[in-house]
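When the chains are written out, they are named A, B and C in that same order, and each has its own residue count from 1.
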C-alpha cells in the first residue's frame, strides 16, 4: 500500500523535546566555551583523525547539543587529543576538553550520575 | 574670527570632512602620513557593489577638497599632542606646531597582516595573495602566478583576521564577504576558463545590493561557495596549494588543490590610530578601534570634548557609510564650534 | 628528682610517634617492588648511604636549596630544623655528661633544667649552658621569622603562603609554643635558682624581680611538655610528617628509586615529604600570570595526603615543570601529578581525621578507562626505506614556515631522508598521555613504532618537543631520536651546512618539553649563537617560562592562556630583541598571537642563514650525487 502526503521518516527527525540533552548540559557546565562554537568546521578540517576516518568534531558538537547522542559515543573514541583543533578554532573553544568531558558525561550517565 | 580644525588622516573620511568644513569657511589642516591622499582607495581598483572604478570616488573627493584652501600636509605624522582648555596643539614630525579649535580623527583602518595567519602560508607559499594584492593585479590587468602562467583554480578564503579569537579580533569586518564576491566575479570575468571557490563561514551580505551581487556571482559567473573555515594550506610538490576545509554542509572533510589562494584580509585599527590614541588619551574599545561616546547618537563624539571621529577609525565601514559618517562628523564639529566651545 | 607527671604528655607523644614512624616505614618497605627493595638494600650498604647522610645534613637540616632561593626563608627553615637538631643533640650530651647515669630516658634531656635546676653555675657547666642558650636563641629567631611569614609573607620574599587545614593549624600552634614555653619554663626555673646563661639566666633573674619564679615555672614546664606531645601526636596527619619522611625520601632517591607511573611507596614518601614551603606556588605561572591559586603542587600534595578529590587540581596544570626544578626537597612533582591524572577518581572520600593515620595507599578504582579507545581505522602502511626520518608533528603542520625551513635544511645537508608525516601523520601519543589516557596512547605509539621500524631508519628527527619527549621516553625503538635543533647542531659541527652570520639580536625561549622535559638546553642556544647574536634573558634553562599554550592543561580558558603568553613574551622581549626564537611550533603559535616582536623557530633562522642554494624537493633522486659532492 502506498502512502501519500508529507511525512518525515522518524529516524531522520530530531525530536527536540524528548531528546536527552544531559550530556550537553554537563559539558556546558564544565566547559562554558562549548557554547561558543559557530560550526565553521575548522576543527574537522585540521583534524588528525579525520585524515584517516570519518570524524567531525563539529558534527559531534552539534549532535550533542541536539541530544542526538547515539552515534556520538562510538565516534568520540577515535579522537587522538592531539590538539590541532584547539589551535585552529576561531572562537577559542576548548575542544580537547569537550571530547574528554563528553566521554566523562557518557560514563556518568551510564552510572546514573547525571 | 576664523576657526581652525585639524583633520588627521587623508583617506575617504578625512577628505570628506575636510571638504565639508572648508566649504563653510572653516580653516582646515589635513594631515596625511603618505605622500598623497586617498588612503586605501588608492589601492582598490573597482568598488562593490556596482563595480564602478574607484577613481570616480577619488575624483569626487578631490573635487570637494580642491578649491577652498585646505592646508594639506602630506608625509606628515603627529609627534606631540597637547590640550589646554578647549584648544589643541599638535606638533608634526617636521617640528611645526598647529593650534586648533577642534580635531577630527580620521585615521582609518589597516588591513589585517595576513602573514599572522601562518597556516594560510602568506609570505611562505608563492601564490598565496591577499585581497589587496589581487586588486593590484586587476589594476594591471594581469592575473598570473609567480611563474607567469594563468591560474585555473582560485580559492578565496573569507574572514582572514576577522571573527578570529586566535588573532584577537572577535569582530566581523563586514566588507570582506562582499569584497570576496566582487573579486570572484572579476576573476571569472578576467579568466573565463578559471574555477573560483569561496570558503566562507557565514555570508554576510547586509549592505544595499550585496545580496544581489552574491546572486549574480552564483547565477552569472558560476562562483562556487563552500561553507567551512579553511584550517590550513600547504604546497604540493607540483606547486599547487592544497587547502583543508570541512564542507560543513556536506559534513565531510574536503581537500582541494588550487593554483592561487586569495586571503580576504579583515580590517584592524590602524597603527596611526593607535599612535594617536596613545598620545591623546582617546579611548579605544575591546576591538582596539576608537570608542565612540555613544553607539547610537554619538558615534562621532569621543571621550574628549572637541575631538571627533570620522570613518573607519571607529569600526569597519564601507565607503557609503564612511562618507555619511564623515558628514555627520562635520555637523558635530560645527555644533561644537558654534555652541559647545567655551 | 626522677619523675614528675608533667612529662607524661611528652612521653606519650614521643613513644607514639616513634612507634608510628617505625610501623609506617615497615609498611612502606613492604609495599616496595622487588627491584626497588633490592635497590634500597644495596643503597643502604653502599655509597648511597654516605651521600644520603650528606644530603640529609645539607638539605633537611641546613636547607641549602631554600637558602639559594631566598636567604630569609632559608634561615627560617634552617634555624628551626638545624637548631632543633642541635638542641636535641647537645641536650642529650648534656644529660649524658652531667647526670649520674648514662643513657637517660629522652625526657631527662628535654627537661634537663627541670630535673637539674641547680646545674650550670660555673666553669664547664656554665659554658655548656651558654651553648644551649645560644641554640635556643637561634631557634627563637627563626620562629620569629616563621610567625611573621604567616602574617606577612612578603617578609621572606614569598608572594603566597600555603593555606592550612585545622589539624595543621593546631600542629602549627603547638610547634610555635614549644620553644617559647621552653624559654619561659627554663627562665623561671633559672630565676628561682639563680642559674642559667645569658638568655634564660638574665630573663629569669629579671622575672624573679617581680614574679614568683618558683611557682611560675611549673605550669610552663607542663605547657612545654603538652606542646611537644600534641605536636608529635598530630605529626602523621599534618604537613610536619615531612620531617621524618624526608629522610626516607633521600635514602630512596640516592638508592636510585624512581617515581614510576603508579602510586607506590616512593610516590607516597614524596607526597609526605612536602613541607608545604610554598616555593612551588611562587614558581607557578598559573599563579603569577593567570591568578589561579589553588592547584599548585603543594596543594596537590596536601590533597593527596588528605584523600581529597584531586582530579580538579591534577588536571589544571601546564606541566611546565618549573615547580620540579624549584622544589627544595626534590620531589618529582610532575610525575606524581601524572599518576593522579592516570588514576580514576578516589572512591571513598574519607576526610575523617583518625583515618588519616591509618590510610595507606590512595584508593584507586581502576585505570582511567573512559570508554575503550578505537583506533582500528589506522591501517598498516609501508613507508619508503630511509636512513633518516623526519616527523614534523601535528602542530608543525600549522606552522608551515618551520616545516619548509626543515625541508630546506635537510635538502641542503644532502642527507637522504623520508618526510613520514608529510601528508599528515598519526599523533605521537603524548597528548593522550598528558590527559592520563595511557592505554589509548599506547595504541598510537604502537602504530607509529611499527611504521618507524619498517622504514629501517637509524635516526628520527622531529620538530615538535612534545613528540620528541614521547619518542625518547615512551617508544621502544632502536633509532636515535633527535630534535631538529640537535640535528642542526650536528650538521653545523660536521660542516654539512654552511651558514651566514645574520647579526640579528635573538632571545631564546626554551620550550618546556625540550628543556626541562628532556634536558635539551644547550644545542638550541649553540645553533643560535652560530647564526645570530644571542641575548640572555632572566629566564634561562631550568628557569625558563612556559608559553602558556601547553597541551597539558585542558581546564584553563583561552583568555588565561593568552595572559600567561603575554606576560612571558613581555619578560622575554625586555631587551628588544629582533627575534624571539623558540624550538617548538606550539610555543611559536602561542607567542605570535601576543607579541609584535617576530617569533621564529630556530629552523627558520637557520634556513635564512643557509649559504648553499637549497635543493628542490622534487630533485630528491639527485641526492646521492649531491652527497658525493658534499664529501669532496
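Everything that follows uses one rule, which is that a contact is a pair of C-beta atoms (placed from the backbone, for glycine too) under 8 Å apart; a residue touches a chain by one contact, two chains touch by 3 or more.
No experiment lies behind these values; they were computed from the predicted model shown.
Using the mean of the Cα atoms as each chain's centre, the chain most removed from chain B is C.
By number of C-beta pairs in contact, A-B leads when A-B and B-C are compared. Here the spacing of chain A and chain C, counted between their Cα centres, is 38 Å.
Spacing of chain A relative to chain B, judged by their CA centroids, is 38 angstrom. Centre to centre, using the average C-alpha position, chain B and chain C are separated by 52 Å.
Within chain C, the positions touching two or more other chains are listed as 397-398, 558, 589. Residues of chain B found to touch two or more other chains are 119, 165-166, 231-232. Residues of chain A found to touch two or more other chains are 46, 51, 84, 87-88, 92.
Taken together, the chain A residues at the contact with chain C in this complex read 33, 46, 48, 51-53, 73-74, 76-78, 80-84, 87-88, 92, 94, 96-97, 100, 103-104, 106-107. Note for the complex: chain B touches chain A at residues 119, 159, 163-166, 201-202, 227-232, 244-248, 251-254.
The touching residues of chain C, counted against chain A in their complex, run 370-375, 377-378, 394-395, 397-398, 423-427, 429, 431-432, 435, 437, 440, 444, 551, 554-555, 557-559, 586, 589.
Interface residues of chain B, counted against chain C in their complex, comprise 116, 118-119, 121, 124-125, 165-168, 231-235, 237.
Taken together, the chain C residues at the contact with chain B in this complex read 397-401, 403-404, 558, 589, 592-593, 617-618.
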